[in-house]
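Quick heads-up: structures coming right below.
Each of the two complexes below includes subunit A, the first together with subunit B, the second together with subunit C.
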Partner chain A sequence: MIIPNRSEYLKQQARNGQKIMGVLPALYPRELLWAFDILPAEIWDPPGDILQANAHLQTTICPVVKQGLEFILKDPEIVTAGYLFPHTCDSLQNLATQVKDLIGISAPVYTFYNPKGAFRQATRNYYQDVLRELQTTLEQLHGPCDPEKLQTACQLGFKIDTRWNELQKAWMSDQLPVTNQEYFGLMRALEYMQPADYLELLDQVTVQDQTVIRNDTRLLVSGILPPDIETLSFLDELKVRIVADDLLAGSRRIPIVCMDPPYDPMEHLTDRFFMLPPCSTRANSLAERSHYLKTLIAKSDAQGVLFNIVKFCEPELFDHQFLVKSLKSAGLPLLNLETELQPGLSGQTKTRIEAFIEMLDDQVTA
Partner chain B sequence: MSENYFASVDVGSLSTDVVIINSAGKTMSEVVLDTGVNGVAAAQKAIDLALEHSNLTQEQVIAVTATGYGRASVPFASGKTTEISCHGVGAHQLFPKTGTVIDIGGQDSKVIQIDDRGRMLDFTMNDKCAAGTGRFLEVMADRLELGLNELSDPSHITGKSARISSTCTVFAESEVISLMAKHTRREQIVNGLQRSIVNRIWSMVTSIGIEGEVTLTGGVANNRGLVLVLEEKLGQKLNVPENPQTVGALGAALIALRNFNNQHF
Partner chain C sequence: MSISARLKYSFMKDIGAPALMSLKDLKPRRARAVSKAFGPPLQSNKRLKEILSRHYFLARYAPGAKQVAWVTSGAPVELLRTFDFYTIYPENHSALIGAKKQGADYCAIAESAGFSQDLCSYARIDLGHLLSGKTPAGKLPKPDLLFCSNNICQTVLYWYKAIAQELNIPLIHFDAPFVAIEQSQHDVRYMAQQLQDMIPILEQVSGKVFDLKQFEIILKRSQNSSMTWGRVLECMQSKPAPMTIFDAFGHLAPVVSLRGLPVAQDYYNILLEEVEDRVTKGIGAITNERYRLIWDNIAVWYKVRFLATFFAERNMNFVTATYTNAWAETTGFLDVKDPWSSMAKTYGQIILNNNLKHRLGLMKKMIRNFSVDGMVMHSTRSCKPYSVGQFDLRKALSTELNLPAVILDADIADERVWSEQQIQTRLEAFCETLEDTSLV
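For the complex of A and B:
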């Protein structure tokens, strides 16, 4: 399995004349963009130092927002179809305003206001309204939305979701012979790949019929993004496997159960949104999140939880204290790591991870 | 049959410590050296000295566990364990009723909860900043032109205390300079520094809680003033080992012994 390099893949797409839209995290109707022949290129943690963005943002803004703005300020040539800002948190919403009204970039800026809170018929209706609103806005620049293309896009999205439901189960039950690095690399490749190319990539992953017997330490990871490549590789080295995830850039964007094939695109996209796992950015209740995590831990047989916290991430940090308390009271060992999305694994972080694994292994041998 | 011995090397940021124990867990020798710029050389020198002090040869030591930040680079180690596990095991050996270990080392400080067998139950560790560590005290002692012994004088903490930030070593140093410029008495500044380091540790203590007896380890445990401030804050007496600096190394040697026994018996 060879995962295409993000930057090279997008440059090649741009050279082929593909329209590319920069999409900030996290929840948006990717199928709608595909239907307009727009390739979403998600902007979570582009590499590089934060230089210009600091002049526009407070110091207590999270690095996802800062790095996102840094990327936009570079005015990358590959982004030809503007930027989409889903309403993930107040910081990203404010960033949309800054980029649109204050910084004044030439590319179009779109917003997408996800509903928050518990599911009700009114939230469902609201979600359909914002979907239609985005569709109408895109039509103004890209022409009418072809219903057949939208149906095909939903079919592709459905196939990807279904495949991921299978892969997640296989990963939990030790039937997927891939490393942590490969697993999360595969998961994150959808942030920039064409759906058809991505499905081909997923098809290269072989699910074993038999459980592969491993003596790895099993962890669940929660947070916004998976640990960086160096940390994942260090975990691979230590024979630690992340067997399940509760990540915004991961499983929180995959429906909790296999959905029915799409019948009506708007209904399908709405059903899909409300079948995503509970998430801090959708303001699901803490009780719901805690219950979901405990269920996932039990299902995956995880020995402990690694919270990979993006510094200053407002929605996630609101929930974090409660989740820690709830999981600790259930006797689940936890490790908190804070990331500023800069490469490099410090000696202190290595010590924390190793000590946590020693603690879990001691509990197993006790 | 000749007796088996077990050793450890704790390569810390400030000191490198070696402990040699026999198969009953009794300490045969212990050595503390400055790490300097070459941790590997310091480790070799420390083990050579420890062997010399205990009249043993390298061949008689059948397992060596490396710990500390330089644990991965000790060429003669047969295994490695983090200093967090080692401090738990070492503290349990010295004070079996220990439920909580506070380790204040050169560049790290940790609070570790252990069970009745010395196994880690939970831990927390300082973040990237050196506030609340031995390095913090070194910087401040230097600024005040005091030796570490003078800085740890418990008589300083009885009187008035200057207010000093507990969040950052660099900011705290600036505050100390300002206090000196205002001719604040040195005792008051020292008192403030001890309270600052304890406040920093306190935030870690509250994040995981206190269970059972509390044992203070690491070189900073030699600071008698700080021990008094910490006891006042905790509202309980601390267990302070005779050689707090070598508790991690003792734990590492005991882990070498335990691993050997697990493999062979």
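For the complex of A and C:
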């Protein structure tokens, strides 16, 4: 399995005349963009120092928002179809209007409101209205939406979701012979790949018929993003496997149950949104989140939980307090890592991880 | 609801509280040294203190007599008033604690329970209060219901979720879609539907049936209070301004916490009468008003006195603020003939739920209408919707209007992040720039 490099892949797509839209985190109807022949390139943690963005944002703003703005201010040539800001948190909400109304970039800026909290019929109806509004807005620049293309896009999305449900199960039950790095690389490749290319890539992953007997230490990771490459590689070295995830950039964007094949695109996209796992950014209750995590831990047989917390991320930090309390009271060992999305793994973090893993291994031995 | 609790509440409301307030008047108070830069204080201050003390005092007798709801400052409280909930505003309570310079103590309690220091200090203070039971207000009743709206921030939703979990009580959330360009018909429809969907839940929690007539009366009263508050603020267009924005930060409390109740309306009638009288007589809030300023963002509660004195002594008066204006700006949309949609328009378009183009336009209008010479922006760590975008707002206003401006990096209620020396230096540099600009 060779996962294409994000930057090279997108450059090649741009050279081929592909329309590319920069998409900020996290939840948006990717199928709608595909139907307009727009390739979403998600902007979570682009590499590089934060320089220009510091002139626009305070020091206490989360690095995902800052890195996102830094990327936009570089005015990358590959982004030809503008930027989409889904409504995820207060900072991203304001960043959208800051970029559009005050900084004033030349590319179009779109927003997409994800309803929060109580998911009743009114919320469902509203979500469909918002979907239609985005469709109408895109039609103004990209021409009418072809219903067949939208149906095909939904089919592709459905296949990807279904395949991921299988892969997650296989990963949990030790039937997937890949490393942590490969697993999350594969998961995150959807942030920039064409759906058809991505499905081909997924097909290259072989699920073993039988459980591969492994003696790895098993962890669940929770947070916004998976640990960086250095940390994942270090975990691989330590024979630690992240067997399940509760990540916004990961499985919180895959429906909790296998959905029926799409019949009506708008109904399908709506169903999909409401079938996503509980998430801080959608304001699910803490009880729901805690229950979901505990179920995931039980299903995956994880021995402990690694919280990978992005500095200054309010939605996560609020939920984190209760989740820690709840998991601790259930006797689950936890490790909290804080990230500012800078590459590199410090000696101190390595030591903390090692100590945590030793503690988990000791528990198993005992 | 128990009969004895109701009788006790009624007794305290009609006899106990007024008696206590009279006794408070008799209690000798230490006179605070006030700078000569200030004009005579507002007479309404006394009435304001009475109202707020009475509100917090009566709160302790509410359990058993009334259902208690904790509410966010931007939530459509009129609906709750119809069901006769006793409402407590944790933001207001946190600001009170911040003003008493006790914010850090309460924050520390929440932090020791695992809440991050990077979270909003209003939330940390409130959670600190919840976990410890401590309050300078004597005793605050625990809620039967939580009612919040994300029209001021998403933070309140996360914060109220934490309370709901801790106390195992229902949380009603009014989802107000952010106005990225302009409010759409489906935004209004969605919010109007949510409000109507709340009625059966509120009926169940309160044990009362929804009374449309009563709701209309409350809506009208709420609108009148907000509009009267708006007229009070407009009086500050006069030169000299009859009060400072630091006064307004305090006088804002009834329109936030008691909106929809007769006491708020009565209070603003009194306040309006007084400020209009001061305008007629040319009584200024500061004795020599040479420069007029605009304040952006929530107050630095633990430094209100310091900031008020610092500027007054330099003959500078804050005559307007985006913050105080927030409870008057959209009131005009309320319409008792179309309560649900009009509430959606009123509550959905407030400054913090609206785009920055709107905010820039509003600030320009305020700067023009209030003859503003300079701007102070409080960049607060606690409030992302207020603070993200301020750097570019400042740039736009400074460039387009040639307006001297300064940004203070501080916090609303956690005094630990205040750096006196650094801020004083910045403020002095700002004052020099302002004075130099006016000489040109």
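By definition in this document, the second predicted complex is superposed on the first by the 366 of 366 C-alpha atoms of A that agree within 3 Å, B and C clash if a C-alpha of one lies under 4 Å from a C-alpha of the other, contacts with A are read in each partner's own complex, and residues count from 1 in each chain.
Here is the rule we use: contacts are C-beta pairs under 8 Å (C-beta built on N, C-alpha and C of every residue); 3 or more make two chains touch, one makes a residue touch a chain.
In this text, all values refer to a predicted model and were calculated from it rather than measured experimentally.
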{"item": "Side-by-side fit of subunit B and subunit C on subunit A, or clash", "value": "fit"}
{"item": "Subunit B versus subunit C as contact partner of A:I72, first or second or both or neither", "value": "neither"}
{"item": "Which of subunit B and subunit C A:P333 touches, first, second, both or neither", "value": "first"}
{"item": "Angular separation of subunit B and subunit C about subunit A, which is computed from CA centres of the superposed model and rounded to the nearest 10 °", "value": "80"}
{"item": "Partner chain(s) touched by A:L32 [first = subunit B, second = subunit C, both, neither]", "value": "neither"}
{"item": "Subunit B versus subunit C, judged by how many residues of subunit A each one touches", "value": "C"}
{"item": "First (subunit B), second (subunit C), both or neither touched by A:M359", "value": "first"}
{"item": "Closest approach of subunit C to subunit B (Cα atoms, Å)", "value": "6"}
{"item": "Interface residues, subunit B side, partner subunit A - complex", "value": "69, 81-85, 108, 117, 119-123, 125-128"}
{"item": "Footprint of subunit A on subunit C - complex, ascending", "value": "113-116, 118-120, 123, 150, 153-155, 157-159, 161-162, 164-165, 171-173, 175, 177-178, 180-181, 184, 186, 189-190, 193-194, 197, 355-357, 360, 379, 381, 384-385, 387-393, 395-396, 409"}
{"item": "Residue ranges of subunit A touching subunit C (in the complex, touch as defined)", "value": "55-58, 60-61, 65, 87, 89-91, 93-98, 100-103, 111, 113, 115-118, 120, 122-123, 125-126, 129-130, 133, 280, 283, 285-287, 311-312, 314-315, 317-322, 324-325"}
{"item": "Residues of subunit A touching subunit B in the complex", "value": "333, 338, 346-348, 351-352, 354-356, 358-359, 362-363, 366"}
